[in-house]
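Should a chain be cited, it is by its letter among A, B, C, D, E and F, assigned in written order, with residues numbered from 1 in that chain.
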Amino acid sequence: MRPENRALDQLRSTTIETGVSRYAEGSCLIKFGHTHVLVTASVDENVPRWMKGKGKGWVTAEYGMLPRSTHTRNNREAARGKQGGRTVEIQRLIGRSLRAVTDLEALGERQIVVDCDVMQADGGTRTASITGAWVALSMACATLVEKGLIKTNPITSPMAAVSCGIVDGTCRLDLEYTEDSAAQADANFVLTANGGIIEVQATAEEEPFSGEQMDELTRLARKGIAELCEMQKAALK
Amino acid sequence: MRPENRALDQLRSTTIETGVSRYAEGSCLIKFGHTHVLVTASVDENVPRWMKGKGKGWVTAEYGMLPRSTHTRNNREAARGKQGGRTVEIQRLIGRSLRAVTDLEALGERQIVVDCDVMQADGGTRTASITGAWVALSMACATLVEKGLIKTNPITSPMAAVSCGIVDGTCRLDLEYTEDSAAQADANFVLTANGGIIEVQATAEEEPFSGEQMDELTRLARKGIAELCEMQKAALK
Amino acid sequence: MRPENRALDQLRSTTIETGVSRYAEGSCLIKFGHTHVLVTASVDENVPRWMKGKGKGWVTAEYGMLPRSTHTRNNREAARGKQGGRTVEIQRLIGRSLRAVTDLEALGERQIVVDCDVMQADGGTRTASITGAWVALSMACATLVEKGLIKTNPITSPMAAVSCGIVDGTCRLDLEYTEDSAAQADANFVLTANGGIIEVQATAEEEPFSGEQMDELTRLARKGIAELCEMQKAALK
Amino acid sequence: MRPENRALDQLRSTTIETGVSRYAEGSCLIKFGHTHVLVTASVDENVPRWMKGKGKGWVTAEYGMLPRSTHTRNNREAARGKQGGRTVEIQRLIGRSLRAVTDLEALGERQIVVDCDVMQADGGTRTASITGAWVALSMACATLVEKGLIKTNPITSPMAAVSCGIVDGTCRLDLEYTEDSAAQADANFVLTANGGIIEVQATAEEEPFSGEQMDELTRLARKGIAELCEMQKAALK
Amino acid sequence: MRPENRALDQLRSTTIETGVSRYAEGSCLIKFGHTHVLVTASVDENVPRWMKGKGKGWVTAEYGMLPRSTHTRNNREAARGKQGGRTVEIQRLIGRSLRAVTDLEALGERQIVVDCDVMQADGGTRTASITGAWVALSMACATLVEKGLIKTNPITSPMAAVSCGIVDGTCRLDLEYTEDSAAQADANFVLTANGGIIEVQATAEEEPFSGEQMDELTRLARKGIAELCEMQKAALK
Amino acid sequence: MRPENRALDQLRSTTIETGVSRYAEGSCLIKFGHTHVLVTASVDENVPRWMKGKGKGWVTAEYGMLPRSTHTRNNREAARGKQGGRTVEIQRLIGRSLRAVTDLEALGERQIVVDCDVMQADGGTRTASITGAWVALSMACATLVEKGLIKTNPITSPMAAVSCGIVDGTCRLDLEYTEDSAAQADANFVLTANGGIIEVQATAEEEPFSGEQMDELTRLARKGIAELCEMQKAALK
């Protein structure tokens, strides 16, 4: 019934390959099915101006899609001269999610910038980005510990993200593009490995949905995120 | 314990004054305590270019804050030359919420633009905007019916929005600024009068929160939104 | 003959309500008939970079119109990404006018930013803005004196502004929109209470007008501005 | 007493050289002393989109200063990515002044764009621009008549502009830079050859000035503009 | 003497992997040593507005670097709001080079947009981009032929690009970053397989170089480009 | 056969008039036939921020065209809000060329900005700009020596630029517009007086050209540039 006979509570084929950048302090290529995101985490020994002298660090994220990551080509945001509203929303979400599991005091007065660039898009680019961003950020933090720049790893919890939605009246985990574009409701969950809530964004596409449906979407998300956190752990060895 | 001895599940003093603009097809000044938002709904007989010829209408929203609506002055977005990320996020949320309760076919090939301008801000500007926007949009639609331009009012359901949050370990309804800035978690709900979900956005500020807390926030939101929908009805007579 | 039987040398119904902002150091809502402008004056203890270390203060102004303050909706300048030429002209005029009656040395090395936001427009928005801006600025300066930050109020003179114009061959005071759009000539005067000239801008709309007509417009402006200065005084108590 | 012993009512040495551009339909290099402005008038057989189908033409102007036209270099507006407020104000003034002496119906549905580029600045760049712009526009209109595209020249009146000001307590005609920067008041007049008013902009720099002083500035402007209109006539043969 | 004992006239290890994008009509991942560029060619059935109705097609290119493709992170051009001068130069060069080997009439009234996104940079990103762009463009054109949209492949010649430079007094082929940053002169060649010149850009970094050195750089480029064209042929099967 | 019977290896009538700006430290008006460029060199005692404290100076250039310097009017870049790709390319080329003949240590920690503004364009604006820029820069450096700010003139070599191209199958020196727009290939050379290479940019317009043709274009450029360097020397006395 779902494309490629996926079960309603089944993730797409997912892989996380680390160390894909020769220069970045942390990096991975994460694939949620045909959705591929290249993530790098860059350490900057300076914090933004408005944070100077507070003895705390900062974690932020930027998101972009290659112009032909999608079925038809989208104009390059750099050429249009500004980031679109969707991009701004997504990169703010990624940054907030990462900061929720980072002890900024422990990071010290430095910044880590995580770049999520979508190579190929088939639904779920923001949740793949967050899941990969946690891996790249963890690697960059580990590097700081190894170099003796900080004493303990400031990451406070494993964390991942997944989308769920209501399609043809059924609640489903990890929507791909054809499902996403036909969904009656669409929800993105950012949770810790044991189900703690970091961010939930649920949106009705056509008409309101019920609290019971919301509960079922939440249940699916918990299951998927527990699995994703296992893959993150494996990817980091 | 809460400022001005509010109960945990109590809305701030709320008023909705309609007809505040001499020109707009629908308008209101909505006050959630010291948060004041002026909302206008403007009918435009043209739809955006990408919607032409589809026989459907469009509803969109813009949001702005007066420079001194806040404790200290913020630079004017028009002078800075772009709308900030927060503004973009909020106006996209308002527009999506309105479209979820509008039958765009019934609206016909025309556009309604809802402007939400914050005169004074004390927390909850986005939820006050959505609640007021529904009123102004309803008035503009009623005007179209009166003029005979459309046959039936395309608004499919009453709808309002409210914020909830966890402050000092307690779940609270309708946070004001001092509470909002100290919250451990912060959630915005857009619901129909009978609790159908249009949009939920919940964010942990410091550390993850539990599913039980999320349930309590949802319960508070249902109560508050039922009350707000009564006030909307009264404001429209 | 004029709308609502106004005499040629008669102001529209004018009111000035002070203290309309909970946060601003000075504020008023000024109404010239159906033209309504919300004015706030914000004290900033820093001067712009190019003025640092000169021992003098600065007064500047910004102007904006709400998108639906006019008969048909105008696009939001923040969304278009720049302030239009008319906006730039008007806010420069407001700032110059305020500085002409402010002793910048007496103000000390701080800045006051006056924001004039047009809620509803029916002609004369720039003159209403200037007249209201003087009130809000005076209040903000009085606050500085009260707090002991400066010794004497740096405002050197009462001042107000009004438009005059030639419509249907007659010179008229304080044009409203329908008159303004039909005027053969249009002049904005910024004068002190006793008729000293701060700024005069007169423009022929269709064909040149005579020096005698200019003299009559000036006479009308003197009368109107004397009345407006009385209202300012009353509003400040 | 004035630089180079100029009388209070004496223009600087002024020249107008026409035909300085190989391509433009009308052009001149106008010099008010050391202020040099290159003016071109370009005929465009299309009107702006908002004027299409009205059977009328349009005249507009753009103004720019070469980066090193001034004592110290100013950043290039093209590099900064926007035209400054002063530039916007000036080019709007030039355009309005030209339209006040052009019969737009007689021009037919076409546009003339006048570019005023300041090669060297020593005060009075806007008034030199307007005076030269009238010459270039007249030439371009004459070309249209010669080519048989229109029957009669749409220019309705000779027109020129000059600045006057109060310096060291004396009213003076045609201020150069050192006078302008020390002026107590500064006024720009755009008048027809026989003194009809097109535009007057008078500004107090430090403190208000009197109606009598305004009258004297107006008298000086009439004298200077009559002389400038003679030079324009001579330049056009 | 060169890094990794490369001979002066030896290319870095080079690979071209085609078909790396699920959606693009043509694509490849090209590697010149550690320089990796992802190239897609997208067919758009519309030409730019200024080319409509001419019965000809258009080929254009865009270029970007991922923020952490370099040793230290560069700000994202989309976030800065404009493409830098270097980016603009490079993408104009890529587009010109491609058009020089494309019969635009044979392409028909459609556009092909080639995107070159640098995943990792180690010198020579523009020449790798051009070399890969020719492959992706060829694939997209072949697709058009297969679909019967055009009769013959509009590519008129094989073509590739390589950089050469003078480092430590020796002329070298295909500079990597450490060589590039120490070069006395730097030249980029775009040549056909048999040495026809499409574009040559040679720049002295410190002091002028001689015609003899230019001849030697040209000889190296011819050798390298002949080899690259063989690899392109192999990659296309 | 060429316009005005020019020989294939003949420059257009060329003049260089120095000292055309009252304010700039160096300036000239250079004419290559009907191509006229006004060049100023401005000394700024501050270097750009990224160069501070390095004990070296900086030379940079900006380029612009007056809107009606061309056959038909082009929109003003300041009004469009950004410099076009061609402008960016040209001003980067001018700056690089100037720095290649300037000893930046000898210049001391200050900046010279060279502005090249095209008054009238008939092909070869970038090469006329470079040739004139060398003159203006030399004058500004001589001024610094005269004032005792630096000991020796930091200009290390005479240098000029010229375009060559292949038109109707013949190689020609110094193309004018009608030739340029019909050229099969187009090359810009920046050489020292004795033929040392600073920059070469050669581009095939339609189809590749041969190495022999490139050699002939180079020979023509050497001849032309030797003559231009003589004129520069004469212009500087």
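Assume a contact is a pair of C-beta atoms (placed from the backbone, for glycine too) under 8 Å apart; a residue touches a chain by one contact, two chains touch by 3 or more.
Chain-to-protein mapping (UniProt): A, B, C, D, E, F = Ribonuclease PH.
Because the structure is predicted, anything quoted here is derived from the model rather than measured.
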- Note on the structure: Hopping only between chains that touch, the fewest steps from chain A to chain D number 3
- Note on the structure: Per the touch definition, the chains contacting both chain A and chain F are E
- Report back the single chain whose CA centre is most distant from the CA centre of chain C. E
- Have a look at where chain C meets chain D and say same if over half of the interface residue numbers show up on both copies, different if under half do. same
- Chain centres from averaged Cα atoms put chain A and chain C apart, in whole Å, by 51
- Whole-Å gap separating chain A and chain B, where each centre is the average of the chain's CA atoms: 28
- Task: Can you tell me which residues of chain D touch two or more of the remaining chains?
- Result: 81-82
- Ring walk, chain E to chain F and onward: E, F, D, C, B, A
- Residues of chain F defined as touching chain D within the complex: 21-24, 27, 34, 38, 40, 42, 44, 62, 64, 66-73, 76-79, 81-83, 87, 113, 115, 117, 119-120, 122
- Message: Which stretch or stretches of chain E touch chain F in the complex?
- Response: 82, 85, 88-89, 92, 96, 100, 156-157, 185, 191-192, 195-211, 213-214, 218
